[in-house]
Amino acid sequence: MRYSYYPGCTLKTMAKVYEDTTLSTAKALGLDLHEIKEWQCCGALYPLNTDEIFSFFSPVRALLQARGAGEDKLLTLCAGCYNVFKRTNRAVREDKELRRKINAFLEEDYMGEVDVVHYLEVLKNDLGFEILAERVKKRLTGRKFAPYYGCLLLKPRAEMDLDDVENPTIFENFLSALGAAAVEYPYKTECCGSYLSMANEEIASTAVGRILNSAYKNGAESFVVACPLCKYNLEEYQKELFAVGREANPKLPVYYFTEILAEALAL
Amino acid sequence: MRVTAEEINSTLVREVEEVSGQKVSACFQCGKCSGGCPVVLSMDVLPHQVLRYAQLGLVDKLLHCKTLWICASCQTCDSRCPQNVDIPKVIEALRLLVLRNKGGNYLHPHDLSAKVLKNAPQQGLVSAFRKYAK
Amino acid sequence: MKRIGVFICWCGSNIAGTLEIDKMVAAAKTMSGVVYVDQNKYTCSEIGQAMIRDAIKEYSLNRVVIAACSPRMHENTFRKTVVSAGLNPYYLEIANIREQCSWVHKDREAGTAKAISLIRTAVAKAAMNEALFAVEMPIIRRALVIGGGIAGIQAALDIADTGFEVDLVEREPSIGGRMAQLDKTFPTLDCSACILTPKMVDVAQHEKIKLYTYAEVEKVEGYLGNFTVTIRQKARSVDLQKCTGCGECLAKCPSKVASEFEEGLVQRRAIYTPFPQAVPNKPAIDRAHCRYFTSGKCKVCQKVCPAEAIDYAMEDLLLTNGYGAIVVATGFDIHKLNDYGEYAYGKHPDVLTSLEFERLLNASGPTGGKILRPSDGKAPETVAFIQCVGSRDKAKGNPYCAKVCCMYTAKHAILLSEKVPGSKAYVFYIDVRTAGKDYEEFYNRAYEECNAGYIKGNVSKVFPDGDKLLVRSVDVLSGALLELRVDMVVLAASVDARADAKELAKKLAITVNEHKFFTEAHPKLRPVDTQTAGIFLAGMCQGPKDIPETVAQASAAAVKVAAIFSKQSLLSNPIVAEIDQRLCSGDMSCMTVCPFNAISEQVVEERRGRETVSRKIAKVNAALCQGCGSCTVACRPGAINLKGFTDQQILAEVDAICL
Amino acid sequence: MPVTNEGFEPVIVAFCCNWCSYAGADLAGINRMSYSSNVRIIRVPCSSRVNPSFIIRAFQRGADGVLVTGCHPGDCHYHSGNFFTRRRLSVLKQLMEYLGIEPQRFQVRWISGSEGAKFAMVMNSVAEEIRRLGPNRKLRDVR
């Protein structure tokens, strides 16, 4: 199975481990990832205003590259990139006027031919969690993870269409394929504070505190995430919460799901 | 607070509706947005009140509220809104009304803490500057 | 030879005061085919009508034009007049010179000129009028009621009490419907079973009512007065004649399945009566869950049955009966909450739907009428009631208001305060809607006397938190953010049309709206009728309504049925479409535009030279046709005409007007 | 000498459906709402009974304007008849405009049985528009 692959800025720097474990696990599972050339930052956030056009170009150019390489799927990892790409692609497909405007600026016309997929989605739909379970070399029996979805993977409800926004199960099913236990806790889809941590740290810290408490109370030993920003917030504010003594819980490590996948595949 | 008929017909509200693509009149004030907002405790104007003030034409009040800089666009509210109002889009439009004015930047690079500069992922920095500055 | 008489009415001074009668008389005399013209002060009076009758006889008139008030006023009066003089009623034509001339035109000359034009138009049409005959159609004076909830029960009893036969078809093993599941009813707190059960027994004992439980309507054909309906009597596997209802089998059956009647809170057996007061109080075997039917072994019920009533070989029976009218009373479904993960329904046992809570209240329910938490069997001290779950929600649920939730939640809050002293109800609402007699007072009682806390704010999320539930909401009015730890959450799940409403509508040739509720013929003036004559609606199947409204509509439907049955036969409306077989191309465009499914295909055999060929053409069912004429325009070869309003008649009118 | 429209009294044929618009006309009468006497009504069971050929025939026979009125869409006595009217007559309207007939000469209006005042108002405005246009010369038979 071949995919065009868009890494995004963070995957090449702060989240190098996310990319490394993705590439090694994909290879082990027989998934062929081709990084597209000359990609630019996706813009990190999907534009929420109707009078913006320029922020669509970068993702559409990447999608055009995927199409040019003869691939029908573009794989992403960072939840931010996934959100921007998936929504942009949907907008191009559904909004005729927007499509006309975007194409007026581009060398080639893009009509939304490529599908945007997340690695997690590929593992579920293209490989299949049953097959993944068979390929696991070292089952993570007895390990208790709190799957943390965050927002960008799932929302907006109508546009992302990855899983149920209130009761998602894709992480849980992934974990059970690896032989690990998923902790059920009601904060798994509550926002971690996102980019507020850049300027309003107090708010992000409060948000993380609630998630941490809930996961811990329900028996979690660590978090699994798919987003570098979620990982940063969960890790950074756990440190601070302990430093100021507001939270009595021990620190829960935060892993990218690909890290534990690599472990389970004994890579 | 006093509201006049002129304010209710404010053209600024039309501008917010145009930039956001949302109809503020669709909101029937059920409050489901505010109840579920993960950062609502830090807001001075609650999400449902953003729409109520907009319905009353009190855009000026909205342009000066903290809420615009606190919303994380996590889309929890709009994924539950029974009237299909995308509140993050309304807040984005208000934020842009501020940012597009002279001196409207909310965040400058020198505001960032050393910790953020050292450890924060690019994704977070790019997002913050897209939301907080021109 | 057309011999047309024209009669011009003064209507006192209503017409004569503003139009020049003499000029009209003079003009009418010159019109083609007119052999007699007269005037009268009040044509509708007995003297005026006698004058027409006499003139018809004396001058051998065979068409009559009356220039007077609107035909919507006196067309029927004058049709009877000409009939009494031996003419066909459709030989009459009316020129509306009062509402359309004398009352609206002040200029005497222009008004008179227009009146003359209208008379000329009426004369031109009358000259082309053909005799039309209403056909007498016998009525099968037996009604079918589909659905055995309170709506169907009431309709069946009311029809039967007028002396006509009724068949009541219910698909569950017992009648009773949703109302049987309820504990008390608002706003009086009558016990639901106490007022419903006697009616159920009445149905079973009424000599005019025949009850088909565990049965469904399979096929419907025909029209008002003469429907042919096929009913599928599902194999109950229990012989109702032999069964004594002793209940031996119910206790011994080894297969268990979630009880529909108890909303899944407890289990029933595979052989079951849905609830203790069931009518008939005899079980049925749910073959999908019966051990014998699924594995071929068991037969315990047969062994224990003292009456030898168990019959595993029983098969579905198809019964075909004739009915003159049908009442549809199929009720509603509770909205599925799959899209409301934020409320933790299904994730935490103490999050219930309102109907599940209703069963907890009920003395014959799973807790014997005690309000106890499913998780630990303790009485809840605080209960959050969340309104509008799936209602007023364009994004994930129904855009409409379910209408009953505000009131039953007030009831729940009141009953909670009675059953669990010291408890507290929090009601989270968007708006409280209490339009109805004594409803507002009932709601007042909930918060004034029964300690219910009403909070304007839709709950955003319920967080299971140990053995408690954390409810997060805003108080919209104050802007206060609420985080309440409660013991139980009750969700006012919306009401949906039945999942299979569309299929039934198709069988009945009636329509549904975008939410699959059956549509009434007119939202204000014909709220009980469907647009298919002879089929009526009662209860929630037409849209959300409470019990009093349902009962009122059911009784109204019964009167509509009785009104039809009060006659031995029906006179058909002769103004119907007619097909000229020779011209019909069989392209069936007419069929696609007919709102009443009155046009169907038929195959006719025709001689072509020496050969006999068969070809497809359209056929009008005169009993179904309502005479709108839409088909006449759709017909490309011009093979369809509307009797009484033929192309030729209307073109003659056009020509006369434009003269 | 140029042709003028002075003293021109148009003939306007109005097809009214029995259940709404004809009842509306009756109501205008009952309330004595005076309107232009140029309008002559032909009663049809439903506006969907009006064949486009009737309209063309009226113009050929010298009508200066034709009006078709029916129940408001959604309120049709026959449930869906006026939806067909709307579709068919909008096609005819385009055809008429293509032929060079002024759009005001042929109009379709929705008037309910309770709208007597609207009936009178529509009749007046249509009559006024057609009076301004002058006689229909284009489609009239040469007679």
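By letter and in written order, the chains are A, B, C and D; residue numbering begins at 1 in each of them.
Just so we're on the same page, a residue touches a chain if its C-beta (ideal position, glycine included) is under 8 Å from a C-beta of that chain, and two chains touch if they have at least 3 such contacts.
Worth saying up front: this structure is predicted, and the values here are computed from it rather than measured.
Each of C-D and A-C has its own count of C-beta contacts, and the greater count is at C-D. Central chain (C-alpha centroid nearest the global protein C-alpha centroid): C.
Chain A and chain C have CA centres that are 52 Å apart. Spacing of chain A relative to chain D, judged by their CA centroids, is 64 angstrom. Between chain C and chain D the centroid-to-centroid distance comes to 36 Å (mean Cα coordinates, whole Å).
Each of the following residues of chain A touches two or more other chains: 157, 165. Shared contact sites, meaning residues of chain B that touch two or more other chains, fall at 41, 76. Annotation for chain D: no residues touch two or more other chains.
In terms of which chains touch, the assembly is arranged in some other way, matching none of the line, ring, star or all-to-all patterns. Touching chain pairs in this entry, ordered by label, are A-B, A-C, B-C, C-D.
Across the complex, chain B is touched by residues 342, 388, 392-397, 430-431, 456-461, 472-476, 479, 481-482 of chain C. Those residues of chain B lying in contact with chain C across their complex are 28-37, 40-41, 46, 48-49, 76, 80-84. Interface residues of chain B, counted against chain A in their complex, comprise 18-21, 38-39, 41-42, 69-70, 72-76, 78-79, 86, 88-89, 92-93, 96, 106-107, 111-113, 115-116, 119-128, 130-132. Residues of chain C touching chain D in their complex: 70-73, 96, 98-101, 103-107, 110-111, 113-114, 117-118, 121, 511, 521-522, 531, 575, 593, 595-596, 626-630, 632-634, 642, 645, 647, 650-651, 653-655, 657-659.
Those residues of chain C whose C-beta lies close enough to touch chain A in the complex are 340-342, 344, 347, 395, 461, 463-466.
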